[in-house]
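Read through the structures below before going on.
Both complexes below contain chain A, partnered by chain B and then by chain C.
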Partner chain A sequence: MTLIDLHDGDELMMVDRPRRRRIAAFPYLMLAPAFLLIAGVSFLPIGYAIVQSFFRSSNLNLGRLVGWQNYGDFFLTRNGLGAVANSLIFVAGTLAIAVPLGFALALALNRPMPLRGLIRTLLILPWLVSNLVGALLWGWLGNPQYGLAPYVLEKIGVGFPNIITDPGAAMASVVVASAWAATPLVMVFVLAALQTVPIDLIEAARIDGASPWQRFWSITLPLVRNTTMVALVLTSLHAFKSVEIVLVMTGGGPNGATETMALKVFKEAFTLLRLGVGSAGAVAIFLINVMFTMAFVRVLRTEHGA
Partner chain B sequence: MSVAVGLSRVRKTFDSTEVIHGISLDIAHGEFVVLVGPSGCGKSTLLRMIAGLEDVTAGEIAIDGAVVNEVDPADRDIAMVFQNYALYPHMTVRQNLDFGLKVRGVAAQTVDRRLADVSQILGLVGLLNRYPRQLSGGQRQRVAMGRAMVRNPRVFLFDEPLSNLDAKLRVQMRVELKTLHRRLENTAIYVTHDQVEAMTMADRIVVMRAGRIEQIGAPLELYDRPATLFVAQFIGLPTMNVFRGKARPNGGSFCMETEDGTHLLLPADARVEDGQPIIVGVRPEHLRVASEGMHCEIELTEPLGREVLLYGKIGGSPICVAPGDRLLIAAGAHIDLAYRPEDACVFDAATEKNLRHDAH
Partner chain C sequence: MTTIKNQRPLARRLRATLGKVGRILFLASAVLFAVVPILWAVLTSLKSPPEVALYPPTFLPRDWTLENYRGAVFYNDTFLHYLFNTAVIVVVTALICLVLSAHAAYSVARYRFRFSGGIMFAMFSTIMIPGVAIVIPLYMLSVKVGLYDTVLVLILVYGAWLTPTLVWLLRGFVIGIPIELEEAARIDGCSRLGAFYRVTLPLLRAGLLAGAVLIFANIWNEFLLGYSLVQSETARVVQVGIYANLTEVGVQWGRLTACAVTAMVPVLIVYALLQRAFVQGLSAGAVKG
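Then we have the complex of A and B:
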C-alpha cells in the first residue's frame, strides 16, 4: 500500500499499487503463448521478408544489401508490369463472377424450397475443396487434349478455345476456376446477411406499395451491403495472393499471359532462387492488401458514423 | 352503416391446422375496432389477412365493398403499423415517411406537402433527418404512425403497436392515438392482447378466442354484459370474481349454493333451473363490505393510492374486492361481503354462456 501526496490538493489518496500492476500484467501473460506462436509463424517471416527484400540473396541468408533494386527488378524485369496487370484482371474477373453469382445463389437459397439444406451444402463444397484440387479439376475439364468441355462442345459443333495456347482463354479459365472457388464464400456471407433482414421490413415495404424489385433495391440490398462488401474484400484479398490455381492450370503461360504477381513471387523465389526479388514482390502484395483493407475499414466506419 | 371492411366466413389454415374458424365481421367507416384476445387466438393472423400478408383459405375479405382476397397488399389502400415499428434502419425519418409515396410515383410537390402535414401533426419536424436508431421508442412509434398516415389510406391496421413501449409512454401514446383517430376519422383495426388498450381506445371491441369471435360490442357493453365467462374474465382489471355451485330455488327466484354451503343471490332475470351447475361472476367493485353477507378472510391488501384492493377467499374461491376507497382493513381481518344481485353475472357451468336475460 502506498500513500500518494497529491501536490495540488491536501487530500491523501491510498492506492494499492503493486497489486494493480500484477492484475494489469495478467492478461498479457495469458495471451503471451498465442502471441509468441503467431509471432513465430507470421510476424517473424513477414519481418524477415521485408528485410530480405532489400538484400540480394539466393537462400535464407541475407546476401549483399541492394536497397530498392529488388523492387525495381520485380516490377520492371521479366514481365513485372504484365504480372501487375494480370493480377488486376484476375482479381477483378474473380469478383465480377463470384460476387453476382454468390449473391444470386444466396437470394435463391433464402427462399423456402425443397432440399434446401442439401443444396446449400453442395454449393458450399467448392469452398471446402482445396484450391489445388479445384485447379486440377478445372484444368482437366478444359484440357485441349483430353478435357471433357472441349470434347463435348466440339462434338455438338461449338468450338472451344485452347486454354493452354490462347492467352485470352487461359486467363478466362483461371478466372473461372478462381471464381468457382470463391463463390461459396460470397454466398454464405450474403445468405447469413439476408437471414438477418427482418421480415417485417419487407412486409412494411409491400404494404407501402414497393414492387419486388423496389423491395430488393431499396430495402434488402442496403441492409446486406456491408456484409457483401466484407465478402468482396475477403475474396479480392484471397484472389490477389493466390498462387495455386494459376500455377497448376497454366503455370503462368502462355508466355506470361496469366502470370500474376503472386505467381511471379513464387517463381522468383523458388524457381529462379532470387529470394530478395521474390520477397520484394511479396512485400508489395502485402502492402497493397493492407492498404486496401484499411481503405475499406475506413469506408465502413464512415458509414456507421452516419 | 357503410361498411369499410367486411369479413365473411373467413378461414385460415396453416398446413392442416385451422387457426381461424369462419369469422364474419363488418367494420363501419371511421370506426376504431380493437381485436383483443390472448396470444394464439388468431387476432394477428386475421389482421395480416386483412392486410394481404396472409392468404385467405376460405371466405371473403372486402374493403369498401370490393373483395380483396387476391389483391396485393400494395393495392388494398391500407397502412399498417407493426409491433416493432418496422422502420427502415438505413433511411432517415424523412425517407421512411416518403418511401410509400415515392414508390407509388406521387408527385414531389404532393409528397412534400403531405410530409409537412404529417410531421407537423406528429411533432416530427425536428427529427426528419435522423435515423431510426437515433430516436427514442416513442419517437419511433410516431414515425411508424406517420408512415401510415402520410399515404392517407382507407384503413389503418395496427399490430400491437404499443407493446414495445414502457408503461408510462404506452398510456401517453394511447391518448395520442385516440386523439389522432378522432381527428383523422379513418377506419382503424387495432390488435392487442391488452384489454386496457382495448377498453380505452375502441369504439367496438372484438374479443377473440382460439380462432373464433367470442363477443363483439362497445367496451362498456362487454364489461357490463359479457356473453361468456371468457369475456367476463378477459375484460376488466382486476379480474371478475367467480363462484361455482348449483342453482337452488330461493323464495320466488333462485340462488346459487356453493360446495361449502355458501349461498349467493342471483339476479331476477337469470334463466336457471333447479340443480343446474352454474357460475356466478361478481366484479371486484361490486363487492362491498357489509354487516352481514359472505364471510371472507382478507389475506393480502394492495394499496394503489386511489384505493386499496383486498384479496382473500370466500369458501374456497379466491376473490378480489375493489372498494373504491382506502378501507382500513389489514391482512388477516375477517369481514362480510355483499353485492347487489342485479350486478352479478350468471353463466352456465358447461357452456360458460351468460344466462341473464339481457345478455347478448
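Then we have the complex of A and C:
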C-alpha cells in the first residue's frame, strides 16, 4: 500500500473519521507555508500591477482610473515603439550569438582532450558573474577613453566606434555583453544533453558508413534538439527582462537607441515616478513572457506526441 | 583498390588534423572571449590610480598594488557593510526557503489531493514572473506596510522569488527516493511527519545543497529588487553598492573594479568547492535567473 492509497482509502474513513481528516490535511499543511509566502509576495503584486496599470498613480496611491491610457503612454510616448524594437533586437542579437556559440562549444567539449576540465571551467565563468558586474566589465573594456578594446582594435587597423555616442555601436556592445553572459547556459545545457547520447548508436552508424556530418545530423541533433530549445527559450526570457546590462553600459542611450522595454519600465517607475505607466509596461512584459512560454510548451508537447 | 586504400587514410588524417587545429583555435578564442573582460578588470584593480587613467593603457600593471582594494574594500566600512548585509540575507533566506520548500516539495511529490494540480500550477507559474514585472507593486506595497528600506523586505521577496524553483528542484529529488523507505518507517511506528524528517529529509541532502547554492548565487548577484526596495546604505546589498560607485561623478575605475572583483570572489569559491551542486542549482534556477 502506497502513501497515496492511504489517504484515498475509503476503509480508513469508515473506521476512523477524525484520523482520516488529519491524514487529508497533512499534504495541505506541508504545502501551506510555502504557498502563503508565494501568494503574498508573487500573486498579490502581479495582481496589484494589473490594477495599477489602469490607474494614474499619485504619491504611491492608486490614483484615478484612466482606462488604457497608461498602455498608450507606455507604447506611444517617449519612444515606446522604439523600446519594443530595441527589445527585439537585443533578444534576437543575444540569441544569434549565444545559441550557436554555446552549441558549438558544447560539441567541441564533448570529446576527451587535455585540459578539458579547465577549459570548461573558464568558459563557465561568465555564468557566475552578475549581470551588473558583467555589464560593468564590458563597459570598462570598451570604454572610449581608457578601454583596452578600442586601443587594441585601432592598433591592428580596425576602427572602433564610440560605444557611448554611436547608436549602432552602443546596441552592438550591449548585445555582446548579454551574449557573453548567456553563452555558458546554452553550453552547459547542450553538453549535458550530448552526454546522454548513446555512444553505441553513433558507433553503429559509423560502422554502417554514415559520415560524421550524417551522424551529427540524424542522430545527435534530434537527441539534443529539445534541450537546445529549452536553452533558447530561457535565454530569450532572460534577455527580454534584463535591465542591468543596458542600464549600466549605455543607460538606454544615445538618445534612446538602446532603451529596451524592461529598462523603460524601470525608468518610468524610478526616474520619472510614473508608476501607472511603468505598471502598464510591466504587465505587457509579463504577458509576453507568459505567451512565449505557453507557445513553447505547446511546441515541445506536440513534438513529444508526434 | 590499393591506391584508394593508400590515399584514404592520408586524406582522413589530414582532415582530422585540420579539424583538431580548428577546434583548438575555436576553443582558445572562446576562452579569450569569456575570460578577457574579467582578466582586464582584475588587472585594472591592481594598478595605481594614475596608471588606470593612462592612454594608451598598460596591459600588465607597472607596479602591482593593492591600493584600490585597501581603499575601496578592506578599509571601506560601507562596502564591508554591504557584503555583510548580503551575506545575512543569503543565510536567512536560504534557511527559510529550504525549510518551506522541502515540506512543500514532499507534499506535491508524494500526494495527490484536491486542487493539488491547480496549486502546483499556480505556484510554478510564478517562476515565469520576471522581477521587472513586479518591482513596482513590490515597491508600493513595501512602503505601505512599512517594510521598505529594510533587510527584511529583501528576505521575504527573495524567499518568495526562489521558493517555487526550489520546490520544483526538490520535488524531483523526492520522487527519486523509494517510497518503501518511508513505509518501512511508518510500520515501525513513525508518524508521517516523523518519517519525512527521519527518512526522507536526510536523503534529500544533495538536493538541499544544490538548492542552497542556487539561492546563494541568485541572491548574491541580484540587483534590481535590491535597488528598488532599499534606499539607505544601512540595508543596501553588494550589487547595489557597486552600482552606486558607478553612478558617482568621476568614476574611479581602479576602485570600482576592485569592488567588482571582490563581489565575484565568493561565487567563484563556492563554484570551486561545489561544482556539481552549483551547475545543478544554477541550471534549475536558470528558469528564474
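For the reader, a short list of remarks on this structure follows.
The rule is simple: the second predicted complex is superposed on the first by the 281 of 306 C-alpha atoms of A that agree within 3 Å, B and C clash if a C-alpha of one lies under 4 Å from a C-alpha of the other, contacts with A are read in each partner's own complex, and residues count from 1 in each chain.
In this text, contacts are C-beta pairs under 8 Å (C-beta built on N, C-alpha and C of every residue); 3 or more make two chains touch, one makes a residue touch a chain.
None of the values given here were measured: they were computed from a predicted structure.
Clash-free side-by-side placement of chain B and chain C is the outcome of superposition onto chain A. Legend: residue contacts after superposition of the two complexes on their common chain; A:D200 is shown touching chain B, with no touch to chain C.
Of the two partner chains placed by the overlay, only chain B lies in contact with A:Q214; chain C stays clear of it.
Across the overlaid complexes, the C-alpha centre of chain A sees chain B and chain C at an angle of 80°, to the nearest 10.
When chain A is checked against chain B and against chain C, the one touching more of its residues turns out to be C.
Using the contact criterion defined above for the overlaid structures, shared-chain residue A:L223 touches chain B, although it does not reach chain C.
Applying the stated contact rule after C-alpha superposition, one finds that A:A282 touches chain C and leaves chain B untouched.
For the pair chain B and chain C, the least inter-chain C-alpha distance in the overlaid model is 7 Å. Common to the chain B and chain C interfaces on chain A is no residue.
Within the complex, the chain B residues that touch chain A are 51-53, 72-75, 78-80, 82, 84, 86, 88-90, 99-100, 103-104, 131, 147, 151.
By the touch criterion stated above, chain A contacts chain B in their complex at residues 198, 200-201, 203-211, 214, 218-219, 222-223, 306. Residues 23, 26-27, 30-31, 33-38, 40-41, 44, 52-57, 59, 100-101, 103-104, 106-108, 110-113, 116, 119, 122-123, 125-126, 128-141, 143-144, 156-157, 159-161, 163-164, 167, 179, 182-183, 186, 192-193, 196, 217, 220-224, 228, 239, 242-243, 246, 253, 256-257, 260, 263-264, 267-268, 271, 275, 279, 282-283, 286-287, 289 of chain C are the ones touching chain A in the complex. Interface residues of chain A, counted against chain C in their complex, comprise 1-4, 7, 23-24, 26-28, 30-31, 33-35, 37-38, 40-46, 48-49, 52, 57, 60, 101, 104-105, 108-109, 119, 121-134, 136-138, 140-141, 143, 145-148, 151, 180, 183-185, 188-189, 192, 234, 237-238, 240-241, 243-244, 248, 262, 265-266, 269-270, 275, 278-279, 282-283, 285-286, 289-290, 293.
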